[in-house]
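Heads up, the next two complexes both have subunit A, just with different partners, subunit B and then subunit C.
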Partner chain A sequence: MAKNLPIVPTAKPGSMAETPAGSTWREKRPVLMNCTCLEVTLYCPDGALSIVEGKVSLDLNLCKGCGICANECKDGGIQMVPEYTGAQGVFPVKGEE
Partner chain B sequence: MTLRIEDLPKEELFGQGNGGCKACGAAIAGRQAMKVLGERTIITIPASCMATLGGNNQKTAWKIPFYHTLFEMAPAVSSGIRAALEIQGVNDVNVVSWGGDAGSADIGFQALTGAAERNEHMIHVCYDNEMYMNTGGQQSSQTPLYALTSNDHIGKPVKKKNMLAIMEAHGLDYVASASIAYPFDLMEKFQNALANPGFSYIHILAPCYRGWQIPGEKTIEFARLAVESGLWELFEVKKGVRTRTHEPSLIPVADYLLPQGRFKNISKKAVEEIQTSITKYYGRGDK
Partner chain C sequence: MSTTLLTGSEAAAYGAKLAKIEVIAYYPITPAFPAMERVSKFIQDGELKANFVRVESDHSALAATLGASLAGARAFTVTNSQGLLYMTEVCYHTAGLRQPVVMACANRALSAPHSRFPEQGDAVSQGANGWIQLFCENNQEVLDNTIQAFKIAETVKLPVLVNYEGYVQSHTLEEVVIPDQEKVNAFLPLVRFKTLDVENPQGVNTVTSPDFYMDYKFRQNEAMNEAVKVIGEVAETYGQEFGRNWSGLIETYKMDGAEHALVCMGSMVSEARLAVDELRSQGKKVGLVKVRAWRPFPVEALRASLKKVNKVTVFDKNIVYGMGGALGTEVRGALYGQASLNVNSYIVGLGGRKFGLNEIKQVIELSEKTVKQDVISEWFGL
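== the complex of A and B ==
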């Protein structure tokens, strides 16, 4: 008695990751120095941090620049740097002010 | 069942490209939970931040079936999904309803208590940011005493409703509290809930940095301070046996309360009263 359901518009699984809007809001971006604490990937709200071959890896397309990873990394292995720097930028770089 | 980070699945079933604010506590809770729930899961979400950040129009951040239900009925919809699966003989699917504090404790409570009473085979998750953040931060029954909200200028005059005690009183086989700052504790509780063939209730404290008026990067830090100060107890009740899963270090509650903008009106006397009650609670040896 299987009935064919009408075809309704449905979203493709995970399709928001193809056009992430959040990365355009970013004021600061994380830079991986030598982060060894893998737990930090579980604190990322956006799935931008993942473990690749036993190391933390970052996908900047997904990152909104919240800074949780830099705050939670125990050995200070992640640092936040201003997104816009230099002559065109709005945030001054340390030492160039 | 001790989890290790190496054993967790690499696949991101939720979170990538989500439409939430930066530093969203709810998104962190969703990601951590999906690591355990796995791809054979159907989730229903009532009107909440979690629903809006999960997708709009032809896009979704979920890789599992996700139903955006009306506000007061996520556990009821999940009950129906479970019934439909049972009648088709599908037994390997986890059915989850995931509400905010309004969708669980206030507007959504009648559907929740009904599903709990019928002991439906499902998990209900309440991700608690302690106010109605999706509509602009109004006061909820889960807002703690003295906290400022957008529709109140002196702070909440009454206590937070104890949802965990209410759900425990339904006589459920699994009730647990969790925090996004303790991901392994949270994920083990989801494993326990999956092993329970009846109704399970998990209440997650997931801070919202905008509502709590804290810096975004400190979302996890404040979730941890809430636990370590003793104000949010991590425990589980398995078949009536209550176990505390994390023993807090009991830092002064002032370290948790005072840096938050929502507690800027709190008086010294009030902080002392909270401290006294916390010390008394943990000192009475209820474990």
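== the complex of A and C ==
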């Protein structure tokens, strides 16, 4: 039986985040090490970085791992760490498990 | 109701005007151009209240038409050949997004080498894109099918391509009956099918995972299957209202007792009728099956109408390289295992090569001479 779907293929804004595709194909993810200025939120093409209570906040459900943020931060405040190690699956970042 | 002389392109424009289209986006191309010219004149003269969107390419023309349709407007455009090819990507979008867009297409041969002459190769190239495709045999049918196309499209929620041949129809004057506006209004009331809504924002054509994509495609194909029934019903109601029933997916002509059936679509049908009349008067048992809807392909209807003949001759004004004529291949596929008959198919009239009454009779003669083995897409008229 085919699934019941809307006639026109549509989805509510943000529904991609509910089944995050980006987080399954991401090879690296950013880690906010010493992120003090808020400017970097302007560079993220996927809206994964936002300002929450005056601080930069990262939503990993939206992040595709492009690394633009890490590249733009001239102070090295953001670093990219590997998401996978080969076929073994997710490699948890220390302190974030 | 009035009767006037119209070219095929003008007939398409009249059909669109009577359907009260609200948006047309267009990029000029020959030979469909006069249709757009007429529509723009209707708008200029205040006879039609529609937005004319000028764009920089055919791709954008269909994209703007699709956008208008998503916003709930009754939208229409016209193109042919290279323009249709350039639209291909958006053609798939329109069908996949289930928008009831109607497009008229003045069939013209495809480049290279460059040609401006009639052929059905452009429509055939779009045979898998999800659009319903109707072929018209004369200019009256162009007008009638354009109106019916909106009814079909809005019922099954799929776009419809209304094909008529470049020059042979697009630039040839014929007597055409123009129905009364009130009657068309009653036949085709405006039903809004709105997807874009500022009160309820939605992402359209979102990335779809393997969990859903196939189900969407199944539903889209189901709509095509539904069209098999709807096209016939719409033709029937239209016939009752306006006195011209163009029949559903196919029309049979003098098929009673026929042993040899001709199968073709588009303007060739008119001449094939004459050939059948002439051969019948000589006592030859020849009949004709006109394919009016090429998509959805009329598999069941063809099986039913051709089960008693022992020979079928298909004329294809298109070539699928390495395989043959599209119609011949599909007719043979539909009939396979159904009956013991020959399906002989011929590639004819490409790029405007003459294929009139005399040529039709010559092919019939060639086909009559064959025995047992099918003739698979032999080239005629080289």
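As a working rule, the second predicted complex is superposed on the first by the 73 of 97 C-alpha atoms of A that agree within 3 Å, B and C clash if a C-alpha of one lies under 4 Å from a C-alpha of the other, contacts with A are read in each partner's own complex, and residues count from 1 in each chain.
Here, contacts are C-beta pairs under 8 Å (C-beta built on N, C-alpha and C of every residue); 3 or more make two chains touch, one makes a residue touch a chain.
These numbers come from a predicted model, not from an experiment.
When the shared chain is aligned, subunit B and subunit C each come close enough to touch A:P9. In the superposition on chain A, no contact is made by A:M33 with either subunit B or subunit C.
More residues of subunit A lie in touch with B than with the remaining chain of the pair subunit B and subunit C.
Contacts of A:L60 after superposition: neither subunit B nor subunit C is touched. Shared contact residues on subunit A (touching subunit B in one structure, subunit C in the other): 9, 11-13, 15-16, 19, 21. Contacts from subunit A toward subunit B in the complex involve residues 9, 11-22, 25, 38-39, 41-48, 50-51, 62, 64-68, 70-72, 80. Residues 2-3, 5, 7-13, 15-16, 19, 21 of subunit A touch subunit C in their complex.
Residues 5-6, 10, 12, 14-25, 27-28, 31-32, 35, 55, 57-64, 180, 183, 215-221 of subunit B are the ones that touch subunit A when the two sit in their complex. The residues of subunit C lying in touch with subunit A in their complex are 70, 96-99, 157, 195, 201-209, 212, 214-216, 218-219, 222.
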